[in-house]
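Just passing along the structure, written as C-alpha cells.
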Amino acid sequence: MSDYKSILNKIHGTIKASSDKGKVADYIPELSKIDINKLGIALLDNEKNSYSVGDAQEKFSIQSISKVLLLSLAFSKIGDALWERMDVEPSGDPFNHLSLLELENGIPRNPLINAGAIVVCDILLEHLEHPKADFINYIRAISGDNTIDYDLNVADSEKKTGFGNYAAANLIKSYGNLNHDVDSVLDFYFHSCSVAMNCEQLVKVFYIFMNRGNCLQENNYLNVSQVKRINAIMLTCGFYDEAGEFAFEVGLPGKSGVGGGIVALLPNQFCVATWSPGLNEKGNSKLGMLALEQLTTQTGLSIF
Amino acid sequence: MSDYKSILNKIHGTIKASSDKGKVADYIPELSKIDINKLGIALLDNEKNSYSVGDAQEKFSIQSISKVLLLSLAFSKIGDALWERMDVEPSGDPFNHLSLLELENGIPRNPLINAGAIVVCDILLEHLEHPKADFINYIRAISGDNTIDYDLNVADSEKKTGFGNYAAANLIKSYGNLNHDVDSVLDFYFHSCSVAMNCEQLVKVFYIFMNRGNCLQENNYLNVSQVKRINAIMLTCGFYDEAGEFAFEVGLPGKSGVGGGIVALLPNQFCVATWSPGLNEKGNSKLGMLALEQLTTQTGLSIF
Amino acid sequence: MSDYKSILNKIHGTIKASSDKGKVADYIPELSKIDINKLGIALLDNEKNSYSVGDAQEKFSIQSISKVLLLSLAFSKIGDALWERMDVEPSGDPFNHLSLLELENGIPRNPLINAGAIVVCDILLEHLEHPKADFINYIRAISGDNTIDYDLNVADSEKKTGFGNYAAANLIKSYGNLNHDVDSVLDFYFHSCSVAMNCEQLVKVFYIFMNRGNCLQENNYLNVSQVKRINAIMLTCGFYDEAGEFAFEVGLPGKSGVGGGIVALLPNQFCVATWSPGLNEKGNSKLGMLALEQLTTQTGLSIF
Amino acid sequence: MSDYKSILNKIHGTIKASSDKGKVADYIPELSKIDINKLGIALLDNEKNSYSVGDAQEKFSIQSISKVLLLSLAFSKIGDALWERMDVEPSGDPFNHLSLLELENGIPRNPLINAGAIVVCDILLEHLEHPKADFINYIRAISGDNTIDYDLNVADSEKKTGFGNYAAANLIKSYGNLNHDVDSVLDFYFHSCSVAMNCEQLVKVFYIFMNRGNCLQENNYLNVSQVKRINAIMLTCGFYDEAGEFAFEVGLPGKSGVGGGIVALLPNQFCVATWSPGLNEKGNSKLGMLALEQLTTQTGLSIF
C-alpha cells in the first residue's frame, strides 16, 4: 500500500514542527548528549515493503525496547516456566518499583519493567552458553541484519551509574529470585540495554511479533500462542505507567525506551518504529507517541 | 461460520466437567444464593448470526459489566471532557483502591474500577434528565431488547451493605471530584450494577463495541475513535488486577462482573459472553475465563 | 515554683513577635475565621499552682485533643479489650490514612488518628447511656469545671463537610469494625471534636494524665498503668506524622488539634497548654510547638 | 537500692520458665546457631551499682543496638547537620522499608532503621580517620571497657548474605544521599552490627544516655540536649514497627537487636539490658520485652 509513504511523510512534517519536544533523558550520561531535534520513522508491512522518513537510518540506544527481545529469547528457551519467576500484570505505579517488589516478595510484576528484565537476564545466563554473544546473534538472526551490535560506551556508562538497578537486583536476590550473582546479571542486563539500532533495523527485528512468530528470515523461534502472549504483555506493560494511555491513544502493542525509540505493530499488517529523543514526564518519547497516534487515527487501523 | 456452534458446544462440555468452579461472591447477599453449576455461553458474529449453549438464556446480575455501559453513555454525552475527571491507566493493585485515590487526589485510575464508575455516575446525573430511566433505555436501545431491566432486590441489597462504595464516594467528594451528594450518586450506581441480563442479551448490548460504534439497531452513539478507546480501556482495565492475565491468556477486550458474567469481543468479528457464578481469587469468573481462553486458542483468533 | 511565671512570660514575648505564624486550618469553615494572632499559654503544676499568659482564657475548638479524652473514657470503661479493635503504633504516613486501614483490614493504627477515634466513639456508644451528655460530664468531672461544653456550630460545620471522616467510617464498617451505623458514630465523633476550652481549662482536664490518674477532683478514673499507657500513646502518636519531631524537640507526651491547641505534660511535675491557631504543614500549631520547645529547653525538664 | 537485685532475680525466674521463647533469627547464618535458652539481665543504677542475673556475662551480637552508638558518635561529630540527611520520624511500616525511601527520595525516616544507619555510616566515613578502629574505640571509651570488639565472623557472614542492605544502600545512592561507594559504607556498617557484648557491658556503654551525656568515665561526648534527642529517637523508633507497643508496655527509651539483646534506660535512674535470642514476629526479643515490662510494672518506674 503506497499510502504508507505519504502518510509517514505527512506525519513527519507535522510532528517535526512541534515546539514542545519533551526532554532528553539525563540520568544516563551517554544518552544526555543526543540532539533533541532528531526524528525518524520506519514502517515495514506484511508484504515486506519498507517505508522510512527523517532520521530513520541513524542509530540510537534502544534501551528498554531490548526487554521484549530478552523476553522472547527466554520464552523460546524455557516456555511457560518463565512465569514461575515473574507475573504478567501492569505495575500501575509511577514511582515505587521497589515497593512492589517488596510487597510481592521479589516476584516482578512483568518482564518489561527493570526488575522483570533483570530476572529474565538471570534466566538467560543459565540457558545461554555465551550470553552476550548469543543474545546479539539472536537479534541479528531474526532481523537478518549482522550489523546490529552493543554500544559498549553506553553499557559502561550505565554500569557506573545504575544504582537503582543494583538496588532492584539485590532486593530480588534477597528474596531468592536471582540465581547468579548481581554483578554478572547486571553486566548482561546493561549490555542488553545498550544495543544500538536505527528505526529501519527495529522494524525488521520486531517483524517476528507482527508476523505470528515467523521472522523475516523464515526461521521460527516462537509459536503463534507465544507471540500472542508477548504482544499482550507489550500492550498492557510496554509503556511504564502510561500503558493505558498508549493503548487508548494508539491502540497497538509496542515498547518504548528512554533512548527515545518506540516500536509498535499491528498483527499481520505492519510494524512501525519511531525515534525522537525528547521524553514526556512518563519517560516515553513525546513526539514518537504523537506520531503513532496520528498513524492509527489517520489510517483507522488499530487492534481495537 | 457454523464452526462457532461446534466450538462452543465442545468448550461447554469440557468446562462443565471442571471440578474446581471457584467460589460464588458472598459479600452481596442477593448474589450468594446463585447455583454454582450454572454455565452459559453466547456468541454473536459480525453478520448477526447468534450461537448459544447451556444456561445462556438465564438472567444474572451483570454488576461491574455495567461500568462499560455507563462509560459509553457518558462518553457519548461529553466526549473527552470525561478525562478531566479520571485517568485511563490500570490500577495494578489488588487491595488498596482507596489508597490510590488518596495518592492521586481523588482522580480515579480508570472508569472501570468502582471509584471511576462512581465519578461517571456523578457526570451522568448532570447530563441525564431521568438518570435511571435514561440509562436502562440506552441499554435497551443499543441492543433492541426492551425486556432488559434493573433487579431492584439486588440494588437494595447493595445499598444496605455497600460500605466500601460509600467510603470511596465520600473520599472522592472530600477531594472535590463529586458534584452531587453521595447518596444520589450511589443510588444510581447501585441500580446500574443491578441490571440483569442473560448471555444472549449481553452480546447484543456489546455488539456496538465490536462493530465500530454501529449497534444492532443501526443508530450510532459512538464514533470509531471512541469505540477504539473504550475497547482499549476494557483490555487494560477490564479485569481488576488480572487484566494482564486476561490479555495474556485470552487476548480480547472484555469486562467481568462479580455476578459471574464476562463479555468480550474481537473487533469486526464477534462478541461473546459467558456466565458461571464461581469466581477465582481475583474476582473474575473462573470457568468463564477458561472458556474464553479455549475459544481464542482453538480458533486462533485474538487481537494479537 | 515562681520561675514558671517568668519563663512563660518570656516565652510568650519572644514567640508573639514571630513573623511566620503558620496558616489557620481552612477545611473546617467555622475554624477558618479565627484570628491568627491569638496566643495563650497556661501551666498547672503538681501542687496545683496555675500560671497563664496571653489569650489563655479565650476558648477555642480543641478538635483532635478530644481524642485523648475519648480514649481515656473508653479505657476506663472496658480496659484492655480496647486493643482488640485498634493498635497502638504510630501511623508514620502523612497522606494515606485510608490505605493503612485497607492494608490492615479496618484496624486503626492507634486511637489518636481519626480512624481510631471513630472506633473509640463506636465503643462508647455501646457503653454510655447518653453518649454526648456522659462524655461532656466526664470532662467536667475530671476538671471540676462545669462550664466546658460543645460548640454546636462547629459540630454542625464538620458534619456537613467531613467527607473524609465519612469515608473512613464507611471503610471501617466494610471491614466489620464498627457496630453502630455510620451516622450515629460520626454524630458523636463530630460533637467530641467540637468541645471548646481555653488553655486554663485544658490543663485542668489533662491534670489527670500528669498526676498518675488522680484528677483535680480526687476521684480516680484511671489507674497508674493505664495513665502510663495513655501517655505513651500521646508521645508516639499525638502529633500526626510529626510525633517523632515533637518527641525530639519537646520531649513531652502531648496532643495537638487543628484548632491550634496543644496540651502536654511532664508526669508528676506539670501540665501545659498552648493556643496559637496558625498551623505548620503537618497540621500542628506552629508557635505552640515553638513555645513548648523553649519551655523544655529553658527549664531542662523533659521525660528524657 | 538493693531491691533491684531481688526484682531481677524474680523476673529472671518467672521469664526463664516461659514455654514460648520466640524464634532465633535465621537469616544471618552466624546468629542462627545461638541457644534459645540463654537469658541474661543486667542493671546499672545512677550510683553505679550494678546487678545481674543469668547469662549476663555471655557475649552476643548486638546488631541494631549499634545504630544508637553510630548515631551518637555522628551527632557528637557534626551536630544538627545530621538531620539534613535523614528524618526523626517512626517508619510505621513492617514491610516496605525501601518503598518509604522511594517515596521520600532517599531520605531515611530515622537513624535507627537500616537505611538511616547506612547514611550515618557514610557520614562517619567522612569524619573519622580510621572508621572501624575509631568506632570501637569510642565504645570502649564511653564504657571504660577495652575488651569490647567486633566479631569478624558475624561481619563476614552478613557481608555475604546482606542483599537487602545492598539494595537499600544502592537505592540511597541513586538518590544522591550516599557520598562514598556502597561497598565501603556497607563494610563499615556490617562491622558495626557485629560488635559483641554481654549485658553487663551494654549497660556500661548506655550509661551515657541515662546520665545526661556524662559517661562512666567522666568524659563528655554529648550535651544534655543531644542526649534528650537520642533518647526521644530511641523511644519513637527503637523497636522497628513495634515502637508504640514498647512505649506502651514498658515506657522506656531503648533499642533492640536481632541478636536478641535489648537495652533500655530511665533517665537519671538506671540503665538495663536483657538478652534472650528468641524473637517475636516483629523481630524484637520476646522474653526481653516481657522482662522489661515486668520491671517497669513492678517498680512503678517509667518515663510516663
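Read from first to last, the chains carry the letters A, B, C and D; within each, the first residue is number 1.
One rule holds for everything that comes next: contacts are C-beta pairs under 8 Å (C-beta built on N, C-alpha and C of every residue); 3 or more make two chains touch, one makes a residue touch a chain.
The chain list, named the UniProt way, goes like this: A, B, C, D = Glutaminase.
Keep in mind that this is a model prediction, so the values were computed, not measured.
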Common contacts of chain A (Glutaminase) and chain B (Glutaminase), by label, are none
Looking at C-alpha means, what's the farthest chain from chain A (Glutaminase)?
C
Could you put a whole-Å number on the gap between the CA centroids of chain A (Glutaminase) and chain D (Glutaminase)?
47
Using mean CA coordinates as chain centres, what's the chain C (Glutaminase)-chain D (Glutaminase) distance in Å?
32
Separation of mean Cα positions, chain C (Glutaminase) and chain A (Glutaminase) [Å, integer]
55
Per-residue multi-chain contacts in chain B (Glutaminase), two or more chains:
none
Complex contacts: residues of chain B (Glutaminase) adjacent to chain C (Glutaminase):
95-99, 101-103, 163-164, 166-171, 173-174, 182
Of chain B (Glutaminase), residues touching chain A (Glutaminase) in the complex:
87-93, 109-110, 224-225, 227-229, 231-233, 235-237, 241-245, 247-248, 251, 253, 267, 296-297, 300, 302-304
